[in-house]
Amino acid sequence: MSEPRFFAATPHDAAGDTLHEECGVFGVVGVTDAANFVALGLHALQHRGQEAGGIVSYHPEEGFNSARRFGYVRDNFTKQSLMETLPGALSIGHVRYSTAGSKGAAIRDVQPFFGEFSMGGAAIAHNGNITNANALRRELIERGSIFQSSSDSECIIHLMARSLQRDIPSRMEDALRRVEGAFSVVAMTRTKLIGVRDPLGVRPLVLGKIGEDGWVLSSETCALDIIGAEFIREIEPGEMVVITATDGVESSHPFRKAPSKFCIFEHVYFSRPDSIIGGRSVYETRRQIGVELAREAPVEADLVCAVPDSGTPAAIGFAHESGIPFGMGIIRNQYMGRTFIEPTEQIRNMGVRLKLNVNRALIRGKKVILVDDSVVRGTTSRKIKEMILDAGAAEVHFRIASPPTAWPCFYGVDTPQRDKLLAATMSEDEMRHHLGVDSLKFISLDGLYRAVGEAEGRKSSCPQYCDACFSGEYPVVPADKIEEGFQMKAAE
Amino acid sequence: MSEPRFFAATPHDAAGDTLHEECGVFGVVGVTDAANFVALGLHALQHRGQEAGGIVSYHPEEGFNSARRFGYVRDNFTKQSLMETLPGALSIGHVRYSTAGSKGAAIRDVQPFFGEFSMGGAAIAHNGNITNANALRRELIERGSIFQSSSDSECIIHLMARSLQRDIPSRMEDALRRVEGAFSVVAMTRTKLIGVRDPLGVRPLVLGKIGEDGWVLSSETCALDIIGAEFIREIEPGEMVVITATDGVESSHPFRKAPSKFCIFEHVYFSRPDSIIGGRSVYETRRQIGVELAREAPVEADLVCAVPDSGTPAAIGFAHESGIPFGMGIIRNQYMGRTFIEPTEQIRNMGVRLKLNVNRALIRGKKVILVDDSVVRGTTSRKIKEMILDAGAAEVHFRIASPPTAWPCFYGVDTPQRDKLLAATMSEDEMRHHLGVDSLKFISLDGLYRAVGEAEGRKSSCPQYCDACFSGEYPVVPADKIEEGFQMKAAE
Amino acid sequence: MSEPRFFAATPHDAAGDTLHEECGVFGVVGVTDAANFVALGLHALQHRGQEAGGIVSYHPEEGFNSARRFGYVRDNFTKQSLMETLPGALSIGHVRYSTAGSKGAAIRDVQPFFGEFSMGGAAIAHNGNITNANALRRELIERGSIFQSSSDSECIIHLMARSLQRDIPSRMEDALRRVEGAFSVVAMTRTKLIGVRDPLGVRPLVLGKIGEDGWVLSSETCALDIIGAEFIREIEPGEMVVITATDGVESSHPFRKAPSKFCIFEHVYFSRPDSIIGGRSVYETRRQIGVELAREAPVEADLVCAVPDSGTPAAIGFAHESGIPFGMGIIRNQYMGRTFIEPTEQIRNMGVRLKLNVNRALIRGKKVILVDDSVVRGTTSRKIKEMILDAGAAEVHFRIASPPTAWPCFYGVDTPQRDKLLAATMSEDEMRHHLGVDSLKFISLDGLYRAVGEAEGRKSSCPQYCDACFSGEYPVVPADKIEEGFQMKAAE
Amino acid sequence: MSEPRFFAATPHDAAGDTLHEECGVFGVVGVTDAANFVALGLHALQHRGQEAGGIVSYHPEEGFNSARRFGYVRDNFTKQSLMETLPGALSIGHVRYSTAGSKGAAIRDVQPFFGEFSMGGAAIAHNGNITNANALRRELIERGSIFQSSSDSECIIHLMARSLQRDIPSRMEDALRRVEGAFSVVAMTRTKLIGVRDPLGVRPLVLGKIGEDGWVLSSETCALDIIGAEFIREIEPGEMVVITATDGVESSHPFRKAPSKFCIFEHVYFSRPDSIIGGRSVYETRRQIGVELAREAPVEADLVCAVPDSGTPAAIGFAHESGIPFGMGIIRNQYMGRTFIEPTEQIRNMGVRLKLNVNRALIRGKKVILVDDSVVRGTTSRKIKEMILDAGAAEVHFRIASPPTAWPCFYGVDTPQRDKLLAATMSEDEMRHHLGVDSLKFISLDGLYRAVGEAEGRKSSCPQYCDACFSGEYPVVPADKIEEGFQMKAAE
């Protein structure tokens, strides 16, 4: 393609060493000033996307209105002057991941996307990733569609525009049947709030109730809590719900039935610990991962510490199971929420120190078990280990609350290319050596499955979750990536 | 239409009392850092559009890049950091009119528009107005195009996207053959700079040469001067030029031949006095209007003054012809270029005083002839008259350098609705009474034609210019407006 | 005083329900680009002051330079363009507390303050509060000094300006001998870094070493860690150190000797848990407070939770001592570091919900012990209790890691007026009733003293710490406040 | 001095080629929301200072409030939100000159300055320049005053602070008696508006009346017009007026009597043409300068043009007297009011082209007389000449509406150092040669005096005006400058 910057390439976190959920979606119908609720919901979902946020609302007299902004929800969608431009009882919103330094990031890539059809307008917000977006885009351009963004999600609205169906929900069905990959979509017309989950149900989407006639769709339950909405149920894999304030929820299953493949990493890292997914508390699952880890990989030590904040529940579980005291060996600087913009060279080199400091008095002379959520490139893990040893720890034992991350995710998570993943190129022992720690243990895939409640562990014939990032078994063929040269795991 | 604010209605200057050109276009090929030249050209064309400006450039390695900003060219496109994002030897730009307080103004309405086609991208900048845009838009939406702006100009890029032609200039021909109204378009592909003028040639477009291989397209010649380019010739009505640095200018005439109808108001007000249009100096034309006015409507007085700055050349001509001394009776505050944002109530009520002050010492006791370019709503004229009388003038005689403006323009000028035009509802004598001046005279249509060099005056069978705003004779049927209820002048 | 807004009154957190340290100070000498180190140090001290920060540096060729900004260190002092304006090997900085919504907050109130004397310039940064500032200010104004800020700290620089001493350290001694109250001052001349602590040593100040010739002064040790400096020792109460890169540290004790009265609340809340003060780990002290609390006020329960983040170490200690499991019952939204600006009414009413969410799955049906650091007005405690009960807790037991806060602090902490302090108007039982919890217990003063290592508890004749906020025994008479009507505790 | 940047050196326009008035002052008492009137007044005085503006107001309940901003009045003091912070019926303001690119420009240098004295606060705004400021500053610092700005004007407020007088007007008298140089001061206390002019009356200051009880002080009468105030009279040289809404104007003459030395350059260039100074219309004076020039230095030509806008009245006068037609040969871009910030290299090199364009069609083949207000460095004049010749002029004759500017001004005008003034190093003939024009003539000093109404011309024993910039005869010894090495003209 010859227009690299006008339509930016898919962003990825070149410098970072964590996996990032790329989106959170939220929608409300049947409450006054619905956009205010959407702002609160997006604030609660901020961990799913920190680069930018957008809200669309509809008011019978004012029509569709939209605001899309870079930066945090709290810094944009809390201003009276802005929120007043988003009137109406129906509103949806979207947060997207922060791609630090990505040249091509542009406000036009920020969702929700809007399309005006002959029967009226519609807006959509998409969490997930379309694995055949390149082919769809080529086809649509050939037929005369003009893309405004670099986002794969924009295909959906163009497919809808070209559908021959006479109502918008039917057009959305048409469009999503052409789409492969992972999608949890929240959409709206002038009267309807619509939610859809792909047949595998890779990304979460839940339904809530607020007030007399109000309904909510959200990526996670924690965003229901913030507005005082009641959690009703999860949207099912392959389900579409069409909701109005007057008629409530109409459900249908327009897609071919398939075995559920919910992303197991949502449990490990992406979702907030106070969310409930698949009927399970995320916090409790993480605590249980710690318990499993302590059983699988015990070690004699004085102290269990977490790499904050994501490793803390597993560390608590590890400490509880092992009987070794839990302590705050690493303190997080709470003023680091936002990425430093235009940092000086010196500060860029400071790395994790700006964010984390070792509690030297606690660590000194101790044998320390350090529980982290995952190892991606390994760069952060090395720095943390150095900080711990500098502070005088006698021994450092890493325990990782997920199996080795050896494969990229193509379903809505920003992962480095495969050759940048430490576990793709090294054995566990090589990694231990590379990180320079006294021991390094990852939870087993079976242990992880036990922690999410599968007492028998992972069924290797048809796993209960999408665990492609650990197993290399991709439930949907990543067509675009294969076209770009990605090599699938050889069949065994 | 039920989405009023997402796609803002066509902006119009609710408070203002002047007519505004809605756009200026500029393009360069064959010079290093072409976007810098475009920025300078747009600065020279700022009077044609003060709300916002945009620039697109193409560089073989960096692809298409784009920047669109609200505000003046000088405040945005002078920053090194921004201009560095617009590399390449091919670039086009656009300035658009400032619609003070328009709620719906959005950055997505700012041109150039960009479309990615299967054979590569193209960007277009349009000066003029498409009179069948509503019908085109409905048709395109019906077929699945998604509009991103409220601009009529966006139709062009969608028509191009759907053309079956295999190269972009041919697609542009296809598209523009479907379009009615006025258009001077500057466009670019990865290698070509393209210019087109509608068959009537309503809006100006000129060709210039810069350096060895460089070519320039511009709305006016004054923008050639600022970059030191040589004025070659006007693009002809109905002509398309396709320009490359290597092969120079290729000309074609893809449209049906029609009699030229250049906008006569460009001479009266829109164009800059240092521009040359139709082979005539705008300044000299305006001075000549003053001469004609002095002949048509002489009056005994002590002083000829202009309403600055646009009335000055005609006032100089009037003074010269009449022998009455020219003086600066009204002084313009040079710090008012930019519209006050968020003004206090008190300041809003100050009206013209913030912008103009009477030179009391000069005016006191004098019989004053005041030369203004036009009367639109008449509100400003009344205030100026009051200021002059407050300052102690003995008599005030208005001489207007254009005929009564009795009809709206539908070809790219922002005019109030017909019933807001003073001359649409009042005779010259009623207007004199309404304005409360000692005498009021407009130049005759024939006088105006003489001033632009038509010695015989206006040919009533087929006028040499578009003068619809004075005569009500529209050379292109304003289809959209008629659909919205506009009543054409009854045939006589 | 008749000029309330030009010189804003001392800010206080009208809405808030926590106590706030008002300042952090930091200084470096003997390293290249010292201001970069100061920026990092201030970032680590951000919890001591979130409203604004300032840095002054000195370079032999560039002279003194200064930058003062509202907002977080990370958002201002990380920009290359700004940091380049602060060259030199000697630099000091200051962060101050955020007074949300205070009308009078002005950039001129942001330290360091600078004064040009006949022997050269000096800059000072002050942590603490001068208790006779009103009287000093009146006297200085009477003699012709012009104050530029509303800050009590500005008195110091004016006193220095009027000193008859011929060198700046001696002028600083002169000035500080006139000053009553609490002060930890970091100052600089063209060649010297100066640190002083008041005779009682109320606020902390520590000395560190960096590189070959570099020296650091900082409010807390955690800011030494971030730049990799070595902790040398605390500056002693009543000590002044004058430091140069060439001659190192010269110490003197210019003030009358007095028993040390370090602020015990620094241990409870203000300082970061990874700092070491008075030879003790703050984290360990807080954990020990939890242990003491568990001994003093045991209760049968299923779960020990913290009000994050400040209550966590005490909760860990309580859990460990009591054997009741520790769990994350309340989850903190990590994107709330910054105060919402211009929030909508709806969001203001959301209160703590924006910041905290209950982990419903964990809490439901449980008897919960909730450990918080303090109770100030009690408004937050009530809301947290309600959230916990809404989530289905069976019982809620509050355990507070400090004694009842019944008296305001006049030594550099922003406290509500006495009648706004819950503990000033209610007994413990009344508070329990008011908060609507099943039980409420504060640690005893003796328990707190034991937790900070005083095995015998508090010596009532001459307490080892300043504990005025609990005891009402003020080690320095708050002269200004008494003048304004404050009533000291009656002698018993 | 060793602190160059913290206290910036006095700014001067390193790149520019015009002289700049450094300040305008304005004050109102006795009207509701006085600050709104001050904002309008400052807008009308913007030509006297374009860098920054400040307003102070007093309200009995709200005290003194202040706002100081970089940029134009119209961009800052038109915002409702800002103006609401400046309540009260008494207000003063100040605009200061823009020093493009000056590193040290800081908001603390923006007036009015404020001082809190024991009897209440006072604010002052100063137009002019104190010629003994360095000595005063040294003395004040020695005694313990702390300066906050690099402004000479700050001395006044410190001198007031140290006065032993018991009321503020008396303290101001005390202070101004110590001050040498030029000053027109507008000041305010909680109840009084105060105006003072130095004994020579170098800078203007006028008194106006508004409404029932309102009074105005302003640098020029054009600022009375904008608020509809009536011009009463000029403040006399050496006069002090103390004004209250209740008691009106009290006048005194506290200084030693001296012959008036009003700045003659105010007539030539600084003041607005619609102002009246010394009982004369500035416009008429300038027109008369043109008349005198035409008499002194006639030349055969086709066209008289002005270098806009300042040369226009003289050009009109020249044309009238000579009978040669006046035409707009150079067109000014009206969008250049604001200095380009961060311009690209290319744009910096464009120089005057961004601002001015030649009306080629008018100029071609003509003998042109070009009337400009002054020649400072000559760089602009050269570029304009080149533009005129490029456009095909047959001959170019420069006529300058002021005598050769051969000496810097030390009384409140920003002038280059003497060796940068073209007329300081070249004879008229050398200048003609340097500029490459066909002829070059300056008006004579006597001609200029005749134009300002002195029929006999300049009295060489005791000139009626300050004309030091032309004659080198400084009515006040510039003590600071002599200390810095400036060489006065040798006595003849």
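Going in written order, the chains are labelled A, B, C and D, and every chain counts its residues from 1.
Rule of thumb we're sticking to: a residue touches a chain if its C-beta (ideal position, glycine included) is under 8 Å from a C-beta of that chain, and two chains touch if they have at least 3 such contacts.
Predicted, not measured: the structure shown is a model, and the values here were computed from it.
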| item | value |
| --- | --- |
| Shared interface partners, meaning chains that touch chain A and chain C | none |
| Greatest separation from chain A - chain, by CA centre | D |
| Geometric centre distance via CA averages, chain C-chain B, whole Å | 62 |
| Centre distance in Å when chain C and chain D are each reduced to the mean of their C-alpha atoms | 49 |
| Multi-chain contact sites of chain D, meaning residues that touch two or more partners | none |
| Chain contact graph, described as a line, ring, star, complete graph or other shape | ring |
| Chain-chain contacts as defined at top | A-B, A-C, B-D, C-D |
| Residues on chain C engaged by chain D in the complex (per definition of touch) | 2-7, 62-66, 85, 107-108, 114-118, 120-121, 138, 141-148, 157-158, 161-163, 190 |
| Chain A-facing residues of chain C, complex | 33, 36, 39-40, 43-44, 46-47, 50, 72-75, 78-81, 83, 222, 225-226, 272-274, 276, 280-281, 283-284, 287, 309, 312-313, 316, 320, 325-328, 331, 333-338, 340-347, 350, 353-354, 357-362 |
